[in-house]
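Shared between the two complexes below is chain A, which pairs with chain B and chain C, respectively.
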Partner chain A sequence: MAWLHTWFGLALGLVLMVVFFFGSLSVFDREIDRWAIPDTRFEPQPMPSFDKMLTPIFKEMQPDAAARAMTAPLADGPLPATFDTPRSWGAYTTHRDPVLALFASYEVPNAKDHETAIWALRTVDPRTGELLPVDRLKIGSEFFYPLHYSLTLDWKNVGYWIVGFSALMMLMALVTGVIMHRKIFRELFTFRPNKSTQRSMLDLHNLTGVVALPFHFFFAFTGLVIFAYIYFPITHTQLTPLHDRHEVLESKETGLPHDRAGVAAPIASVDAMVAEAQRRWAAKGMAGDVGFLNLTHVGDANGYVSVYRAGTDRVQLAGEGIHFKAATGELLREDPPPTVVARINEFLTGLHLQHFKHWLLRWLYVLGGLSGAACIATGLFFFVEKRKRQHARQGVSGARVVDALAVTVVTGMLVATLSMLIANRLLPDAMPAGWPLRGAMEKYLFWASWAVAGVHAWWRTAAVAEGRLAPAWREQCLAIAVLAMTAPVLNWITTGDHLLHTIGSGYWPVAGADLFMLAGAALAVLAARKLQQRAARPLAVKNVTLEAGHA
Partner chain B sequence: MTSITLTPRHIASRTAVAILGGYAFTWGVIALGIALMYSAGMEFHDAEHLSYIIGLLVFLTAFLVAFATQALRKVALVLVGGGALMSALAWWVQGLIIASGV
Partner chain C sequence: MPDALLLLLALLSCVAGMGWFALSMDVHWSQVQGKAPHSPALVKALRLGGAGALLLSLVLCLTVDSPSIAVLVWFMALAGATLAIAFTLTWRASILGMLVFWTGPGAR
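Moving on, here comes the complex of A and B:
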């Protein structure tokens, strides 16, 4: 089991590091969005008038070039210039979102599979109905968050598979880690920072692994449950007939049409339907706001409107959906109370996705996620510390390679993240003609700075091959400190929102992001100092006895 | 595990059995779980979710067993054979449900 723990932990620890770190940031993804898009720094708004504001916008929406490129291979011949038959219109907001996300799907007339749809997405300011420019990237929810679950490797869902396998290996590492240690309770109180680096790294690895063990197990497991349909697409392969049968039966039972009728029909007042849905929720003693609105079979006699409640006051993602006939506004169906299994599933996934309003719990999530990152990072350090002197004697480069990868993933990732935020403040408002869009440039600069950090990591870990501490760690810590102080200053210069102002006015999304970066800068300086002291210390460390079983 | 010498071949075959065998077995568990629970009257998506939750725990167990057990061949046979058998059963149950019309 020790072998399994060490080697799979090493191979996938690098991925898990990314998953834990960006997962932690994703807890505050909407707040990071506000930092990155200053035009959206205002309070969250209720769902605006569908009839007056949203319908005209939906009518103008069309898929962008990226969506067309993704859909083109799924069609016979070239795609039509415009898509005329909308399948669905949806609007989604959260209690932390000042802006409203709109998405429309369209039929693709020449698609190879008639179920294929092409999507168009826009973001709207619900106060004015003004559209956010398409080149604005919501760095938190549209980049850091997808990095967390798919590494943004969308081709054939390959990123989801890598992350999923890593999550399984995380579960495996937790179980085998417990088997290797047994005396779990003792680990909680064991940290000897003044012993050898190797000893204190192992202490910290065990401590961070144990202290949040239930949290880590739960998150790796629920993460797998959320995307299980991708990892085991059984109901869309082997059991497709069963799935299709269920859909037909379900639409009969619920009265919500599965297909279009092919007869055009107008849309009655959606605002009236929303008001009726809210009246019904209030009558059940759970008055609330609309979180998600969806029109299915738009413009067709079979069209219907679904209104879902924003689930910010509970853990489950229960939406209490109420459905109306689009053409008349007549009530079609009120979702029944969830079954026991549905409740369990909604609880598991809801606890992972945390749509609820609870700031203390959110911060505990961040700490849990960062302790996971710390557990993996210290595991990597321990691996290197344990082997580097032996490898130096033997003249093999294993420890150095791992150390370079660890630098790249641990500190390099922070360098890339901060560089992206700095690029976000420094790039021109609109990129000149011929350049990629602003949001795309931010992504390219993220990857480019990560690559630079990787090259630096390789270059400056040469000392490991001689059994010494790599200067790359200290240098990248200093880089992090500089970058993490630069970003809040640039935010101040470019938007005027300095900390005194944001804290004074209680605008926590931006104040929190700035403070978090400044705290990170302070920690990075501290780490750099400690590393310098360690490097200055003589090498003669007694070979400490380590627990049996630690490979 | 200390008694075994870890050759690359040994590691590769064990890893393959753990990952691929575990996957095949889990696929079988989930497919059969969905088919049986649905046929027993459970709501379709409930059957799906419950099978996923159980199946993922099964995968973790299968993975660990593949590394902990000495008899690798036996484990491989149980995982792959069991997975195939359960998938076949799921197919059969699905056929019965579809044939029942309703």
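Moving on, here comes the complex of A and C:
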């Protein structure tokens, strides 16, 4: 049991550290987007008029070079210059989004598989209908958030599998951890920083693990539930024919056409359909805004419009979809009340994805996520503390390797995150010709600074091989402090939005991000000072015996 | 009462409840109140008070939000309160003396 906890914890703890930290940031992904794209610093907007504003934009949209490059291998011969048959048009917003995300998919006429679609994505300012430049990266929702669930390793979904396996093993680590710890209630409030580093790290590991145990358990579990379709991919492996048949039968049952009719048809007023959907929700006692609008089989007689509700007033992720015939606006179907299983699924996914409007609960989620990160980090520290003297005596480098990895994922990750935000403020508005797009540059600089932090971590953990505290920790804490103070200052210089202004005008997305970084800087300074004091202290010789369970 | 105030009360109630639970344990009692007597009757009272405060916190959460959200807020508030109490015990344990003000200052 202890073996399982220790070794899986070590191997996957490095992954889980990334998952927990970027998960915590993802709670405020939309707010980080505002920090990173100053042109979008205005209040959240409702869904704009589809007929007047969105239809003309959709008609102009075309896949970009990246989408074309991704789709090219899936087609016989070169891709057409433009794609003329849109399969779907979609618009998505939340109660925290000032801008609206638009996505259109198109048929690829020479695709090897007729189901292949190519996508075009744009972001629009719903107040004016102006499009955001394509080179802007929404750092929160398009980078930190995907890092949380897929590490952005998209090749063959390998990132999802690594994260999923880590989540599964985390459930095991929670169970084995509880069994090993035993004194869950007796030591619930116990933290003894003045005992040996080993003891105090174990206290903190237990404390942060136990206090948020329900959170850790439910988030690991619901994370697996959300991506169950990836982890049990039977519908697109062994059972593909059954899946395809089911799709056809289902569309007969729901009355929502599975295929195009091949007959062109106009689109009736989508705004009228939205108004009708809202009237129907209100009649059910759940009035609300539209979160997601989707047109399927655009411009075809079989086309239909689906209107989904933004679920801000409950945990469940329930869209309450209402579907209309696109050509006439006639009601095709109102999603029936969910079955018990579907309801449980809606609750579990909603609990994790948090579309609800509740700022206190959001912050409490951040607390839960960060306590998970602290639990993993202290687990790694404990591993090193327990072994480093013994390894030093034996001349083995195990503890040093783990310490270097721990520095890289714990403080190195913060260095990379902050470097990315700084790059976001310093890169030119448009990159010169021949350079990658601005958003791509930000990503490259994120990985590059993380790599630098990793090299530094390896270089400055040599002391661990002699049984001492690695200076890498203190140095990276200082780097974090400097970077975390630089980013808000750069935000001020480049946008004029300093804290007095953002707090004074109550613009919390940016004020919150700046304050969070400054608080982080203060904590990093404090940590660096403590580490300095500890390094100056002579080596403690007394080796405290800990519970036998902790291998 | 405005929702924000009710939620603040719910959080405070949670912290107080966790504080009383901690104070019902010998080791934490002596951290806060030193050698002041820790009678079985007091221990029982502290446990009851702790349970009552956590229950009150749940009720306050339920008055503000729909049950599904309220339960999540309450569970997470428990986590936050436990951390707050644990760190207070480490950092300035005597602050928690205010939770048992009627027993007088701790004897050290």
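The definition used in the following text is that the second predicted complex is superposed on the first by the 546 of 551 C-alpha atoms of A that agree within 3 Å, B and C clash if a C-alpha of one lies under 4 Å from a C-alpha of the other, contacts with A are read in each partner's own complex, and residues count from 1 in each chain.
The rule is short, and it goes like this: a residue touches a chain if its C-beta (ideal position, glycine included) is under 8 Å from a C-beta of that chain, and two chains touch if they have at least 3 such contacts.
The shown structure was predicted, so the numbers you read here are calculated from the model rather than taken from an experiment.
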Requested in this report: Mind working out whether A:Tyr365 is in touch with chain B, chain C, both or neither, as first, second, both or neither?
Outcome: second
Report task. Check the residue A:Trp492 against both partner chains and state whether it touches chain B (first), chain C (second), both, or neither. Result -> neither
Report task. Considering only touches as defined above, state whether A:Arg245 meets chain B (first), chain C (second), both or neither. Result -> first
Query raised in the report: Who does A:Val211 touch here: chain B (first), chain C (second), both, or neither?
Result: second
Requested in this report: May I ask you to decide whether A:Ala228 touches chain B, chain C, both, or neither, giving the answer as first, second, both or neither?
Outcome: first
**Report entry** Partner chain(s) touched by A:Tyr92 [first = chain B, second = chain C, both, neither]
**Finding:** neither
Query raised in the report: Does the superposition put A:Trp508 against chain B (first), chain C (second), both, or neither?
Result: neither
Query raised in the report: Touch check for A:Phe103: first (chain B), second (chain C), both, or neither?
Result: neither
Requested in this report: Would you sort A:Trp161 into first (chain B), second (chain C), both or neither based on which partner it touches?
Outcome: neither
Report summary line: The chain C residues in contact with chain A across the complex are 7, 18, 21-22, 25, 27-28, 65-66, 68-69, 72-73, 75-80, 82-83, 85-87, 89-90
Query raised in the report: For the complex, which residues does chain A have touching chain C?
Result: 186, 188-193, 207-208, 211-212, 214-215, 313-316, 347, 351, 356, 358, 360-361, 364-365, 367-368, 371
Query - chain B-facing residues of chain A, complex - result: 1-4, 165, 168, 171-172, 175-176, 221, 224-225, 228-229, 232, 234-235, 238-239, 241-243, 245-246, 250, 339, 341-342, 344-345, 348
Report summary line: The answer for chain B against chain A in the complex is residues 1, 6, 19, 26-27, 30-31, 34-35, 38, 42-50, 52-53, 55-57, 59-60, 63-64, 67-68, 87, 90-91, 94, 97-98
